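Labels run A, B, C and D following the written order; every chain starts at residue 1.
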Amino acid sequence: MSSEVARHTSQYRVRYSDTDKMGVVYHGNYLRLFEIGRTEFLRDRGLPYSQMEHDGYMLPVLEAKCEFLLPARYDDVLEIHTLVEPLDGMRLTIRYEITRAEATLVRGWTRHTFVRSETFRPTRPPEFFLKVVGDHQ
Amino acid sequence: MSSEVARHTSQYRVRYSDTDKMGVVYHGNYLRLFEIGRTEFLRDRGLPYSQMEHDGYMLPVLEAKCEFLLPARYDDVLEIHTLVEPLDGMRLTIRYEITRAEATLVRGWTRHTFVRSETFRPTRPPEFFLKVVGDHQ
Amino acid sequence: MSSEVARHTSQYRVRYSDTDKMGVVYHGNYLRLFEIGRTEFLRDRGLPYSQMEHDGYMLPVLEAKCEFLLPARYDDVLEIHTLVEPLDGMRLTIRYEITRAEATLVRGWTRHTFVRSETFRPTRPPEFFLKVVGDHQ
Amino acid sequence: MSSEVARHTSQYRVRYSDTDKMGVVYHGNYLRLFEIGRTEFLRDRGLPYSQMEHDGYMLPVLEAKCEFLLPARYDDVLEIHTLVEPLDGMRLTIRYEITRAEATLVRGWTRHTFVRSETFRPTRPPEFFLKVVGDHQ
C-alpha cells in the first residue's frame, strides 16, 4: 500500500578509480551506482537479479536519465536511494537519489522491460516479480 | 547558417572491456562515448577542450539522457554523431546518435554550463567558443 | 610482531559492470579491487588514505602484478585479502589474494613509494604510517 | 625472421574518463590499453580476435605485469607498442610499451594460453595463428 515497500537504500564508498581529473566522481560512473541500487533493492526483496536471470528473465535498461546536482568526492560514503515505481504496462521505471549526509548529489531514473533470456523478446513481468514489488500498487 | 557546421562524426571500436555478460556494451559506457563525441567536435573546430581548461573554463555535465535502442557488440565499429544545439542562455545542449551501419543504437543528450575553473562558478560562454559554434545560431 | 597485524580482509560484490562478454570479471578490473583492499587496510589501521593525502602524502602505484587463476562471476561475493609487507627502504609492497569460498581466484601485488603531494618527489614514509604498519617489522 | 614482423603500434587518446583525481590516467586503465594493443596487432595480421572467437578459440589473460614509469595526462596521444614473443609451449607472452613522444610511460606484459570456447580447456594454438605470428620464430 505504502510506497515504503518499494524503497531501498544502499551505501557506496567512492574509490580513486571513480574520480576524474576534476577531483570528483566521473559523471558516467553514476549509472553503475544506479545498477547497485536496483540490484540491492531486488536482493532485499528476496529476488536476486542473478536468480531472475537463472530463471530465464532479463531486465535490460531501455532509457536512463541523470541530473548531476553536486559533485561526490574521493572517499565519500554515498547513499543510493532506490524507488521502484508501479508497473506501467510492460514498462518498469526505477528512480534513484544519491545523497551524502543531507545533500542530494545526483537524481535519475532508468526504464526497463522484462525480456526472455533465450529470445531477448519482451515479456510480461514474471509472477514472482509482481508478488515482490506488487504490494505497493 | 546550416546546422551542418555544428555536427561532427567520430568512430569508436568496441573493446572487450566495454562489454558485459549479456555480450553487449554495458549501458553505462555510452556516456564515455558521448564524451568522445563532444571532445572531437570541439577539436575539429580548432578548440580542444584541454585548451579550454587551460584558459580557465570547464564545461561540466549537468544532465544526461540516453535511449538504448539496439545493442552494440564486441569489435563493432560505431559512429558517434554529435550535434551542438544553439545556446539557450547559459545552457548548452549537445545531442548524440550512435550508429552502426544504417542502424541507430543509442540516442541521447547532455546539458552543460560553462564554469570558471578557479571558482567552479557558472559563467557566460567564452568568446572563442561562441565564435566557434556560433555560426549556426 | 605477528604478520597478522598487517593483514586485512574486505568484501566485494561483483556487478554487471565488472563483467565482460566471457561472462566473467574483466581482468583489468582487479586492479580496482586491489585498490579497495589497500584502502580498507589503511582505514582499518585508523589511517584513511584520504587523510594521508590531506597531510601532503601520496602513495602512487609504481608496479603491479596479477595472476588470474579462476574466473569470478556476476553477483559473486569476493574476499580481498591484503597483506602489507615490511618496508624495503622507500619501497612498499602490498600483496593481495582474491578468494571466493575456499578458492583463490586472483593473486597479485602492487609496489609503491611515498611522494609529497606538492612536488611529487619521493619521500620517506611519514611517521604515522610507520607507527601504523610498523609493528610487524 | 626479424622480430619486426611481430610488432605493432596503435594510438590512443586519453579521455576524461581515464583520469583520476591525481590528474593522470588511473593505473588500472592501462590493462585496457594493453588489450587494444594486442587486438590491433592481431587485426593487422589479418586475424581479428572476434574471428578467432567465432572459430572457437579464446585467449584469456593468465598473468599481467605493469610498470608505471611516468604519468599520462588528459588529451595526450599515446602510442601502444605491442610485441608478440615466440610461443613457449602453450604459453604466449605479449609485451607492451606505452610512449608519448620519446618518453616511455608504461611497460608491461600479459601471458595467455589458447582455450576452446566450448570447454574453456587449454588447447594448442590454432594453425592460422601460428602462420600469422610464426614468421618470427
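General observations
Methods note: a residue touches a chain if its C-beta (ideal position, glycine included) is under 8 Å from a C-beta of that chain, and two chains touch if they have at least 3 such contacts.
What you see is a predicted model, and the numbers here were worked out from it, not measured in a lab.
The most distant chain from subunit B is C, comparing centres defined as mean Cα coordinates.
Ranking C-D and B-C by contacting C-beta pairs places C-D first. For the pair subunit B and subunit C, the distance between C-alpha centroids works out to 35 Å.
Note on chain placement: the centre of subunit B and the centre of subunit D lie 29 Å apart, centres being C-alpha means. Chain centres here are Cα means. That of subunit C falls 25 Å from that of subunit D.
Among all residues of subunit D, those that touch two or more other chains are 16-17, 22, 28, 31-32, 35, 74.
Of all residues in subunit B, only 16-17, 19-24, 26, 28, 74 touch subunit C in the complex they form.
The touching residues of subunit D, when paired with subunit B in their complex, are 15-17, 31-32, 35-36, 39, 48-50, 53, 74-75. Touching subunit D in their complex are the following residues of subunit C: 22, 27-29, 31-32, 35, 58, 60-68.
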